[in-house]
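Below, each structure is written out as structure tokens.
Two complexes, one shared chain (chain A), two partners (chain B, chain C).
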Partner chain A sequence: MSCESSFEAVPMKSPACNISQHNVSRRRILGTTAGAASGLGLGALGGLVQPAIGEELKKQEKQVLLLWLDGGMSQLESWDPKPNTQFGGPYRSIPTSLPGVHISELMPRTAAMMHHLAVVRSMETVDNSHSSGVPRMLRGDPTNRGVVYPFWGSAVAKLMGATASGLPPYVWVKPGNGGFISKYAGFLGAKYGALALGDGKPPTNLVRPDDLAERDAKERRKLQQLFNQRYAVGRRKQWNEANSYVYDVADTLMKHTRLFDESLLPGKDRERYGRHDFGRHTLLARNLLESGVRFVQVTSYGWDTHGDNFNAHSSRVPKVDQTFAALLQDLIDRSMMDNVLVVMMAEFGRTPRINGSVGRDHWPNAWSMAMTGSGIRTGQVLGETSPDGTEVTSHPLDIGHMFHTWYTALGLESQHAEFVNDGQPLPIANDEMAPVKELLS
Partner chain B sequence: MQSTIHLNKTAMCRSKVVLAICVVAANSFPVSSVGAAEGELHDRVDKLIDARATDLTFAENAADVDFLRRVYLDLAGRIPSADEARQFRSDTTPVKRTALIDALLAGPDYPRRMQELFHVTLMERRGDHEEWTGFLRTAFEQNLPWHQVAAAILKPDADHEDLRGAAFFQTQRLVKEGAMAPIDVPGLTRDVGRLFAGVDLQCAQCHDHLTVSDYSQQDFQGLHMVFENVDIRRDVKFPAIGEKLMTEQKEFSSVFEHVKLKTSPVVPGGGEFEIAAFEKEQQYIELPDRKKRTTGVPRFSPLSELSSGLASPDNKLFCRNIVNRLWFMMMGRGLVEPLDLHHTDNPATHPELLDLLSQEFARHDFNIRWLLRELALTKTYQRSSALPDGAAEPPRTSYAVSLEKRISAEQLFWSVGIACGEFEAVQLEIQSTVDATAGPRTAEQLVKESETLAALQKQLASTFGNPPKEPEVDFTPTVAGALFLMHSDDVRRLLNPRPGNLVHRLSGLESDEEVINELFLCVLSRNPSLAEKADVLKYLQSSDVRRIDCLANLTWAVLTSTEFMVNH
Partner chain C sequence: MMAPRAEEKAAAPAIEVREVRKIETDRQVCLIRYSPDGNVLFGGGYDSQIRRWDLTADEPVLMEPLTGHHGWVQSMAFLPDGETLVSVDSWGQLCAWSVHDSVPDLKWHVERAHDGWIHDLAVSRDGSVLATVGRDRYVRLWSAGDGALIRQLHRHEHEPFCVAIHPDNQSVVSADLFGTLRHWSVDSAETVRELSLEKMHYYERIQDVRGVFVLQFDDTGEALICAGGQPTNTGNHQGIPTIHQIDWESFTASRSHSFGVTTDGFVFDLIRHPAGYFFAVTSGNPGAGQLLLIDPTHDEPLFKYTKMSNCHSVTLHPDGKTLVVSATNRNSQGNGAVRDKEGKYLGNSSPLHVFEILQPAESRSG
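Up next, the complex of A and B:
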């Protein structure tokens, strides 16, 4: 695999700028452009993106669905089983629709659709704690430049924006409380945070109460905008924009209240996806994607099985299997596979070694993830682990490689595109890594 | 210094936080040489700020009305009432700003404001406890020096009735959060480093920090062992902690090198301290007693050592951390940012200023009220937040233009209550329904008596505060906040005309002119501009029949405007 090693030597690629003389330091060029831009007052609100992402790309309306199994699903009880080995555990493996490929017997429905997936069995990452592993995976482990990088959803929200639907670009469906999670946006600024739908429910206060006439509600917002415009004159733009933006999002959401009403979804679908949290939330995610949300993340908690790993996985993995298979079928039936990139992963896998509490602990050293959809070459398993599952024996891949791959799959130039924050150019993915060609269609 | 650093020669381990600091410590704190001869602190601050911004156009001195609102929010935690605004406006004495600063610092709002500010800063919305609230209130009523406040938190004294609530800082972090989650001792360790020394050692837990060369794994492990040794006391009802016996160094190893290392407890910015050894029968002052559910009181208290080593004028990190945080509170940006990432490669934007402030603060016995007064008196603080005509936006780090600041959920609550006349309305309700002879109450008393006010306070905190465990630094408006202001019962109630409240009062005014003047003074503490007047008059004259609705709409729009929602 080729790795970009030298930051300075990479020629700048930009639609407006492809002459050979321009093969100079990106840092210098971007420093200058960014400086000029902020002089014009354009530098506010999370900086720019270089090269400017073409309108053409936005029109393609690529979308992302991230299924996040928080705490770390065991690769041995899912994508990379090692039956009848020292650490294999009690479950068998079963054949799949891909000749020669076996996965855990806990995933029969997914096994039948294996030819629609690309599975990586050779993830080798570094963090073995949740508190640093989660953000590292969700940020794609960019080279440290002293800034807080955005989570993937926020990054995509910035790079690709909202789709024509105008819906918030980054929606996160999760158990528990909802809200607007701005910290995920990192240096991009609050605007690119996640709109979290707690337990898949619409945000509180979404619906205009009956005793507030529509006319009054409209007049209020108009007057507010008038006051805000006057206040903004001669002041820094950032906070004014942020304050106006949340009202714009609120307005958009109010137009889509039906989106959040679970009872409007066909009973048959709800049966197929499963009435458990992951099923309900993934079905909602499908709906959100169909309505035009750019990036949807679904989180399932409780995978940190330090104790009683096997009972936990025998109850949890089949639920994921049911939901994931139903989702894949729907994406195929609705011709959404060309546009939607789907990734199912966690912050790490679980130890092959079984601990004293019949559990498996954290294992970033060798674990698996699955992906499909837009730009992904499906019908393959990439990478291998040793017979006992403790280490990667071929195609070791870090999360940085995956971010390059996914950005490329979405049509972005992952090795050239940069955020520009306060004049500082910041590559969108780890600049020592590159896309994994094998995974790209 | 050297001997403490290399206490574990075999382990080849060193506390890097100390190392970085002692270089500077050698030529600092010549307390006697820093004298009044060099001028008042606020003048010296301005000189240092000016010196680094010579090529920039500074904003003008803020208008009186802007200064008034800002200083009320910062030192009283609320906007001024219309009467207070009128009074300041009519005051023509040249020293009225200084007089107001002094009045606010001596006033009844100051301890409440500081209690709220430090509660949010130190607990980061992990919950509250009346003992903790009582501790903070007492501390700021008595203007307790910061090192004593910090010491009370680091080594709580269960026998000191006014201060014992300080233990809540630790007990609340040692609560088990669900069956699967271990008690988050690393989180407590991290927070002590962050909040009292300005160093976030989290990433040095399993190995030396990968990107911050000052933070070593030993710094983390040496601090962590102090808190591993702490237990929540079960024998008393109030928050209290005990310590277990510590006799041995802690073993740890880096996940990269797997070499066994040992450390004694480490004070951030202060180095290792020795574990005092006693004969077996001398180890306890009070023996553990299982029947009474007490863990005993060992003679050697690592927390005492930590507290005296950390909360000390000799601890550079301790001094820098607090002045940086108070500077941030007043000026809208830390001299060091992030606030909890002080290290050699992340110097202050104005290193000489940070040194000056920390030296002077320590020299003035960590007197928070004194430091806030000096900061409020600076030209830097009193500058306008509007860009000078035609000037480009200067860097935030220059302070050439005053920075807008986030309004906390607490500031928002008291300000909304004052702006909307809600406190007057509730006072009248109490008089009409409960007790006709009820005398005037303070806003704080009213919250205790009125369920709706208490509910509003809680709602605002949950909607406009950050989620638990997140520092509140930037202004981060949320969709949830917008929807709350647009549609919630609480806000609609504020805008329904009730005797005493703003909309009711506006509806009783004769002319539109009076309406707009009163509205702007009550909510924004200023007069409307001509253009704003024209806008509002046009709107009010567009409809006569819906007068009350129009007044409520107007009030809502001013109340939710960016101008009201930020401290500018």
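Up next, the complex of A and C:
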């Protein structure tokens, strides 16, 4: 889909800007502060940074939280209900804190906080398969140039780097197993992959064993670095970078093991977020953001409700509602909304038509997503679908538009900034699309 | 239309069925019930209407629907007077209709009988009391005469999906998301006994999956049937069709039947034939549908009819010689937009399969 004429490109702050300039600027700042800040949470930085640099740093310390509902949450049982219509399903809609706007009755807590959100009801994407749709959405569906683009988290890790906290820039909290997922980095090189915390737990064997003295551990690390340097001779830089990086990450995480200790979290917070996986993982995500992780993705699996869609959403959506509302309140209370961009989405929505298994199938044609926080103009619903929910009737948007919008919201010049892959400049977002002005504050 | 005989005989049944007609619909009908005189077929569905078909002519004639519900109509029943239909919807409304005349009349209704989806409705044997269960987790008893609330039983910990009233009118049983059956005393509104059928519940990836779909007492009140399935996953909602026979005196499962494989799904509806059999319909994923004839004393169904997709409801004519199954059109599943030649987005529909019930001698001569 090309950029729709109804959207104006956001005026750029400078006519040309590439990512290396951003990096130079950022390194200058971190060079001043990183040493002092290393190992400390972001909250501890305030007292260590000179005011002028602090302001600059604050601008730079934008963060992202992506809440990914894998498989595809139904827009009709969430953001875009069509009650009492042929395909509308059994649920009612309820009013929200935005006058005239209704969402599903399954989301009462979020409804009360709707004025803090921007909801897009007019997502019109092209892929109705999980296997290709997930990477397409997470890469922003860039124009095909024969390279494998990074997932959004990897891209942000490259474009913005780690924060002054020194924590890994791309952390993925997910059910199941964890590890370092290098393939998400695409052409950026494995170093920019995702550190996956399986079930919110740190990588196994992270903590130094009691019978290994700290001095011995440091000696081992030095020896390992020497081996790595020798291995790197004559090989591509990215290969060795990734290998070393994983150990650097482990070193950093060892200093932050308290981050992963659920027992240290206030019981009240654990109740507010919910004791289910999504609640636990999102609460961890809040802590990771507070501690300075640049990009956190929380994944909830199982939304592919081809059967019993309505009871499935009755079970699932209230949990997401509980967690999401608690998160929003915390971000507001902690003054984090200006710095943290929050997006909740999936690879597509679900069909209006109800199949024989009382389920809904894959539906990229007209679906919804929600966002808030840094750079987003909240208190609005953008786009419309037809009364029966079968097509977008205004403001059709593709994921490319959203990537431009989000990068812009993070302070990046999405239509000018470029990756460089072996000398090949590559746009950071689909170059046939532009930011959605209406969504930007 | 003549259709193939029922197949896959497991034992020699005392009765057989054969499909004789299919009534096409333009919408999905998830629940069908014959009127007590057998002249009208009523269908509840996903479009807030109760459809009616006049069956007195050679061909079924679609009548004006009953309107006034919202959301889905998934449970309805006739009172013993034969003239009153009671129905519930997914927005929490309970209605009683006089359907004796060709123009139905709404006798009374309770707009917010529950806060949201009413999953099931039961009528007492004497027709005086109605019981409902809903997403708000309450079990409520109503006067069938005027819709007055008689009693609210204590709230379920988990969402109840089915309810049945014992023939003595002193007890109510509800079954919830976790496969827990609760025996309630009508007088005290307290739980008397509980029975856990834990295999009728499954949890994975922040989703609880229900397995209970049907709860019915037999005429004597000595046995309770709990039917549905054993869920095995979340997204596709697969499961193994299962029927538990529960001895009322001991409140334990005296016999349990599980039929087939996980793609066969769940028993969505079940009726008793006067000859002592059950007819059950199942809906599986993807697209599987069956009509089963079950002898409660046998482990395997007497036969399975498998030439339908996703069967959701079954109803028996009062004369015991005809039954109707609401199924689903073929290929109801599919990603993306399914459109006709004019580009119109297509919904699914529920063909109504009409079966003759035959004694073996009739079957041979037919």
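A few remarks follow.
We take it that the second predicted complex is superposed on the first by the 369 of 441 C-alpha atoms of A that agree within 3 Å, B and C clash if a C-alpha of one lies under 4 Å from a C-alpha of the other, contacts with A are read in each partner's own complex, and residues count from 1 in each chain.
The working rule: a contact is a pair of C-beta atoms (placed from the backbone, for glycine too) under 8 Å apart; a residue touches a chain by one contact, two chains touch by 3 or more.
Keep in mind that what you see is a predicted model, and the values were worked out from it rather than measured.
Using the contact criterion defined above for the overlaid structures, shared-chain residue A:Ser132 touches chain B, although it does not reach chain C.
Residue contacts after overlaying the shared chain place A:Thr393 against neither chain B nor chain C.
Of the two partner chains placed by the overlay, chain B and chain C both lie in contact with A:Asp304. Look at A:Pro364: by the touch rule set out above, it reaches chain C but stays clear of chain B. By the touch criterion defined above, A:Gly356 reaches chain C but does not reach chain B.
When both complexes are overlaid on chain A, the residue A:Asn84 reaches chain C alone and has no touch with chain B. Of the two partner chains, chain C is the only one touched by A:Lys319; chain B is not. Residues 128-129, 302, 304, 306-307 of chain A are contacted both by chain B in one complex and by chain C in the other.
Those residues of chain B whose C-beta lies close enough to touch chain A in the complex are 180, 202-203, 205-206, 210-211, 255, 346, 385-387, 389, 392-393, 401, 404, 466-467, 470, 474-484, 486-489, 492, 529, 531-532, 535, 539, 549-550, 552-554, 556-558, 560-563, 565-566, 568. Interface residues of chain A facing chain B in the complex, by the touch rule stated above, are 38-39, 41, 44, 128-129, 131-132, 144, 146, 168, 177-183, 190, 193, 195, 203-209, 211-213, 216-217, 219-221, 223-224, 226-228, 230-232, 234-236, 239-240, 242-247, 249-250, 253, 302, 304, 306-307. Within the complex formed with chain A, the residues of chain C that make contact are 27-28, 30, 46-48, 70-72, 74, 90-91, 116-117, 135, 159, 177, 204-210, 234-238, 265, 283-287, 289, 309-310, 327-329, 332-338, 345-348.
Within the complex formed with chain C, the chain A residues making contact are 71, 83-92, 105, 128-129, 175, 276-278, 300-308, 311-312, 314-316, 319, 351-359, 361-365, 388, 390-391.
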